[in-house]
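Everything below concerns the one structure shown next.
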Amino acid sequence: MTAVLEATGISKSFRGLQALRGVDISVEEGQILGVIGANGAGKTTLFNCITGNFPPTSGTVRLDGADVTGQPAHKLAHRGMVRTFQLMRPFHTMTVLENVEIAAMSRGARGGTARREAGETVERTGLGEWADQLSGSLPAAMQKRLELARALAMRPRVLLLDEVLAGLVPAERAPVLDLLENLRDTEGMTMVFIEHIMAAVRRLSDHVVMMDSGAVLATGSADEVLTDPQVVEAYLGKEASDA
Amino acid sequence: MKRSLRNWSVVGLAGATLALSGCAGSAVSAAGGDAEATTEDVAEIHIGALHPLTGSNAADGQQMAAAAQMAVDAVNEAGGIESLGGAELVLDSADTQGEAETGQSEATRLIEEGAVALLGTFQSGTSANVASVAERNQVPFVMDVSALDEILEQGYTYSFRLQPSASQMGTQGAESLLSLVEDSGAEVDQVAYLYEQGNYGAAAYETFLAEAEEAGLTVDPVIQYDPAAVNDMTTQITQVAASDADALVVTGYYRDSLLVAQAVDIVEPDLQAVYGVANGAYDQPDFVNDAPNGGDGYFDANYHWDVTNADSQALAEAFEAEHGEPIRSSAVLSYDAVMVIAEALERAGSTDTTAVRDAVTETGYAPLMVADGPVTFDETGQNTNAAVVVMQIQDGDIVQVFPQEFAETDYVFPAPPTE
Amino acid sequence: MATSLQNAPETTGSAARRPTLSERQKVAIVTVSVLAVVTAVAALRAGSSTVLVQALVTGVLTGGIYSLVAMGLTLIYGVLHIINFANGALVALAMYLTFVTVDTMGVHPYTALLVVVPAMGVLGALLQTSLLNPVMRAPIQIQLLVTIGLALAIENVLLLVFGPTPRSVQLPGNVGVSILGATVELSRIYAFVGALVLVAILSLVLQRTAIGTSIRAVAANPEGARLVGINTKSIYSVTFALGAMAAGAAGVLVAPFTTIEPTSGAIFNLTAFVVVVLGGMGNIPGALVGGLVVGLTEQLAGLILPDESPLLAVFVVFLIVLFIRPKGVFGRAS
Amino acid sequence: MTTTATPRTSTSAGGGLTGRLTTDTGSQRSRGDYVVLAVFVAVAAAVPFVLSASDMAIANRVLIFAIMGVGWNIMAGFGGMFSFGHAAYFGIGAYATAYGVVVLGLSPWLGMLLGIAISVAAGVGISYLALRYKLTGAYYTMSTFAFAEALRLFVIGNDALNRTVGFTIPVQQGSSLVDFQFPAGSPWYYWIGLGLLGMCLLASILFVRSRPGRFTIAARDDDVAAAALGIDVLRHKLFAVAVSAAITAVAGTYYVQYYMFVDPEIAFGAAASNDAIITAVVGGTGTIWGPIVGAIIMAPLSDVVTGFLRTPPPGFEWLAGHGGLDIILYAVILVAVVILLPKGVYGTLVSRRRKS
Amino acid sequence: MLELTGVRSGYHGLEILHEVNLTVQPGEIVAIVGANGAGKSTTLRTIVGEVKLQGGSVTFKDQPVVGGRSHELARRGLMLVPEHRALFGSLTVDENLTMGARARKGRWGFEKDWILDLFPILRERRTQLAETMSGGQQQMLAIARALMGSPDLLLLDEPSTGLSPKLTWTVFDAVKAIRDRGVSVLIVEQNASQVLSFADRAYVLESGSVVLEGSGADLADDARVQAAYLGG
């Protein structure tokens, strides 16, 4: 099997500050890759480089084997790679339904179709009762779901999720995890997700990459990575690994 | 319509003017009585005056409105419009704020309120706008001040202009300069020309150039500038100083012409004279206060009220007595404009605006301004007898010095701007 | 360029790197060589070395005046991120205050500084406190609209009070002097020196005084400033007051060689914006350099393209710089 | 385009007024907009039967302000690009019409199309540069301002465009719809202007409901999110600029045909830009109807003040003969609205109603 | 010293913190730990009044904290070092420290020398611009700047972010030294094990609510804390 998404040697520096140092990741069709690491490790920057928010300083991004490095975000979205944002970015003057409708329209759905699809997606992501609320005044947890709903309305083949569970109480997490799992299992959706909640990482990831200071520190299965002494030290601090 | 009345009109007008200077005009008004047999019975005739009563030209605008009112009062005192049963004139004065749109809406309002003729407006842009309103409403419009040639190049049949156009002033400015030089016996072979780069400056310059070249006068260097942006004229005056020019000719507005004077003062070019053509500063009393050395010796060829004319002097005295400030030439032009309209009404004997327009076309009114003769409009509506006079600043006073017939005192030439 | 207040809000703050010396040298070399070529062309067109020298000297002097007028603008932008459209109106107000002072007390025009500058400071503080502080968290356009309103109000109040007739202020002993064969009015030299002094004073205030350090701190990071106990709103008011005082000083120094009308300051508005953008918004010494570039461009363009308004050349330079180097030629690179 | 949220400037070009807007985003309530538009045009069409001829001059000015406000609002209100130089598009419309009529002998309607075409090309060109080079905040605002100024200076220096004099439309006697000329005081100027305004409003409503319009609003709200959802932000913003420039150019044409005169200051001066901005801001940025409300408030100000001063009531006589009062009032209203009603008069009413 | 009672707060009318109760006594280090998005930073920002209080109360030295006036709080002796540090990037190290002292209003002070002894690297870089320093140095400068204001209570938001383990310990050692001079410290950390090893007391925050509280040592051994981070 070939990698659907493959990023090799991604480096990024901002005004001389090295945020990424030669990061390699790849994910195969229908698989889920978890990306973990402390705040400031460069996870979101990696997403930004991959999804075309800004070009990497060096390195290559391949989607379905084609070099898409530096292509603008909107083109990559139409090639099937869609992302969510850690800091929610709703179209705040629009309702939840309209937010999702925009995504459906962008994918190409027309008028009533876009609206119907948006309604379905809204229901599917548990936002049904919020559909007519202005997205700007939504609780954070609902905005998180909206991020996901909008991305799903694009019917992506590769979905990049940036801390989609953050801010959700455990009871709220389960349906989201179920949904993601379902998407992978029934639709074969490929995913890369940044997450701090390790239970979720353990449950979803086929593969895990641990980042630290802009570089990949460890990679492997969830169990392998989460028991790696280096990882434990970086994550929990020195004493925990000593203990 | 009433061509036969031409002779009468001169008499009638003289009467109106005399009334102002305190003499009774009753003798002539009787003569006017039988001029129009089919008199319409009207009690009042409205004339609309459009001037910038506020805005950056309000000082002129307010004087112009005041002088127009004095003209109306004079006509009414002399018995009103005899041919219309002694109907009184009423001046409806409106504020253009110096803006084209306001000028247009105010002109429309005045016409709607019954004005049979309009006068104004000072700013050329506003006048252009009012002229189109006048044309569309078929109401005569007599421009007192507005120099831009283009206003009357639209084929309008209801618009007239008393003052010399910019190009007339350029031509006559050159003629005056040439005769002045010849008269003085001085040697001027080359002049430098400095002008604001708008159409006003360009028209004055181009006609000046044509006249000068014909007479063999070299015009070089020629320098234009942006009057709205310029902050310093030293470089331009240095260009003049570096040339062989014997005199400097300047066409510009107040602020920039003052900058020229300041630069001339410090660069000290070797010039026999600074000579304004239609200059917005060199005939202004303020300039005497603001300029280095009081601008002593500066010439300006411009329209001006005729200081040598007794009627004009009487108006000036009356104006100063009533309003506490010396009358400006712009105000005298407004006075003349009302008189042209009044005289036309008298001959038309009708308040039909087209009849009034036809009568204006035939006017022969002798103006209080310096002129080559009575007001005579050509087919575009321009007063062909409009003329400039050369003024000079002498010991803090702005005096008419040339040509001889209008001179109140002798000119000084050469008059180097820096002593 | 330590007096730069520019902490571009677009940057993430901590990671900004100053331009290296070589970068700045590059800019300087390009600027100087462009100026040299333009000067050569101007020399050919002028055909006289006297005229060229005069144009260069005049360019430098008017450039100084432009930067003088722009100083308050750049200071206020640097700290408050407000494009103060009322800067020109404030300069005009200062000119009228100068006129009134000289007219009623009969003093030397420059002594009006003692009256005008403090008065403008008080006015500036009041304006910021009452009108601008309430909208400081709004997008910059909102503050821009407030200053547009201010500009219209100030200019028209001046018109209402003083009427449209131009006023003037005479400077005793204002004669022409010769510099390098060029002739220059003394009052313009004083204004140029005034610009230099103002740059020095503002730099000193910002660098060496407690209040100046607070201002720079607020400019650099308003949140951090609040966290160390600085009342940012009062610093905003102090800064606007300083900006208005700079406009006041400019008004006094410019008054002797210009006619005083309600729009006398607005004439400088356009050039002042160009100066500030060229110099890097918020960069005080940059404003001086920007002023010189504009002054020289205007003078040389006047020689090269006598048919066009020299301002057109200035604006074309402005647009090019905006697109190619939006942080200003002499501003920090980002 | 950085994803880092910044405190004072939005990441969208020109900053936008994001966060202070109420937007009629379209789908929920704009069926009603068509009805309101129809009623508005029908009621407004009766105005000439009510007002006197001189008051009609004010009504026509309201129309011009309104069209300019609607045009500006597309770009700044819905597109988030705060233009400070809409005089550029107004002026191009005015000059293209005047040049077409006077020099080329075209019908003013063709002149209008010419104006729209040039205006759109210029707007898209300059905005492409501004967006391409990511001018934001103050720099974007400055660039729009500088563009209008540069055009003004260009015209002043251009002989073919009559330099400072501008153009005067030749007067014809009688009415002609083809030549867009009627006797003075004819209500046809008003009706045509109202028709144009109606079409511009219709364009505005259609835009807000259309795919490009909704994508543009999405990009205004958050351009990064919009791009991530496959929206070509640059293309849609340029489309908004094109619509905005076209509408504003129509105002220019109407101005020229009504006043029959244009010069560089009228066309490209800062006052024209201010009028467009202030009309929309006072009424309510980012709403369909805000600019109409703004125009009704702001356009008659100068005439109202002039009328007031013509016969000042006791206590105000000293104001007669002094200029500037109208603009002071204009400025005070602007500042008061910006500080106290940041959503504008109409925008505030709408959001109050929504809350209650 | 600091008391939060039933605090509810959030942004744009939506609630992030639900009924949070929390106290800090004089001279103790209190830690708040929890996953990303649990509301840790919001708690700190609520304390300094940068986030609007929607219910409950925050008192500092028995006086209520008023929203929007964080500069007054600094003068009363409460200094926050935010996660992004909020340094004055275009000012030098020395100037940053001088600005910090602005908050000092008649309180006993940390001497500048003592502070520079705590972070000797700052002494070498006194004339360097803050924005040109490395992340670790900036963190130290941020703490040093706050200390210059002689706080009675120091709030630290994730001081270990972006620091190497070695630097992290330098910072934590400094925190202990600060506490030892009698200053209360409220510290928010992702690096749970480390911070719990020296905190006197700690709260575990989850989805805007306090789910656990106790002594640092107790919580360090609590399996539920481990679970919160590594998912068990």
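Each chain carries a letter (A, B, C, D and E) given by its place in the written order, and its residues are counted from 1.
The rule is simple: contacts are C-beta pairs under 8 Å (C-beta built on N, C-alpha and C of every residue); 3 or more make two chains touch, one makes a residue touch a chain.
The structure presented is a predicted model; accordingly, all values stated were derived computationally and were not measured.
Asker: State the pair with the higher C-beta contact count; candidates are C-D and B-C.
Answerer: Output for the comparison: C-D.
Asker: Among the chains here, which has the CA centroid at the largest distance from chain A's centroid?
Answerer: So the chain farthest away from chain A turns out to be B.
Asker: Measuring centre to centre with C-alpha atoms, which chain is farthest from chain D?
Answerer: E
Asker: As a quick test, compute the distance in whole Å between the mean CA positions of chain B and chain D.
Answerer: Those two chain centres are 39 Å apart.
Asker: Roughly how many whole angstrom separate the Cα centroids of chain C and chain E?
Answerer: 42
Asker: On a C-alpha centroid basis, what's the spacing between chain A and chain B, in Å?
Answerer: Roughly 78 Å separates the two chain centres.
Asker: Just the number, please: Cα centre separation of chain A and chain E in whole Å.
Answerer: Roughly 30 Å, centre to centre.
Asker: Taking each residue of chain D in turn, which ones touch at least two of the other chains?
Answerer: Expected reply: 2, 18-19, 153, 156-157, 322-324.
Asker: Please list all residues of chain E that touch 2 or more other chains.
Answerer: Residues 135.
Asker: List, in ascending order, every residue of chain C touching at least 2 other chains.
Answerer: As it turns out, chain C has residues touching two or more other chains at 12, 15-17, 159, 163-164, 223, 262, 270, 307, 309, 311.
Asker: Per the contact definition, I'd like the list of chain C residues that touch chain D in the complex.
Answerer: Residues 9-10, 12, 77, 81, 83, 131, 134-135, 137-142, 144-146, 148-153, 155-160, 163-164, 222-223, 262, 270, 273-274, 277, 281, 307-309, 311-312, 315-316, 318-319, 322-324, 326.
Asker: Please name which positions on chain B make contact with chain D in the complex.
Answerer: On the chain B side, the touching residues are 53-55, 58, 62, 95, 97, 100-102, 104-106, 108-109, 111-113, 124-125, 128-129, 131-133, 135-138, 148, 150-151, 154-156, 197-200, 202, 226.
Asker: Flag every residue of chain C that touches chain E in the complex, lowest number first.
Answerer: Answer in residue numbers: 4-7, 13-18, 210, 213-214, 216-217, 219-221, 223-232.
Asker: Write out the stretch or stretches of chain E touching chain A in their complex.
Answerer: On the chain E side, the touching residues are 10, 12-16, 35-38, 135, 158, 161-162, 164-165, 168-169, 190-195, 197, 206-207, 227, 229-232.
Asker: Looking at the complex, which residues from chain E come into contact with chain C?
Answerer: Per the stated touch rule, the residues are 48, 50, 70-72, 74-75, 79-82, 84-91, 95-96, 98-100, 102-103, 105, 129-132, 135, 138, 145-146, 148-149.
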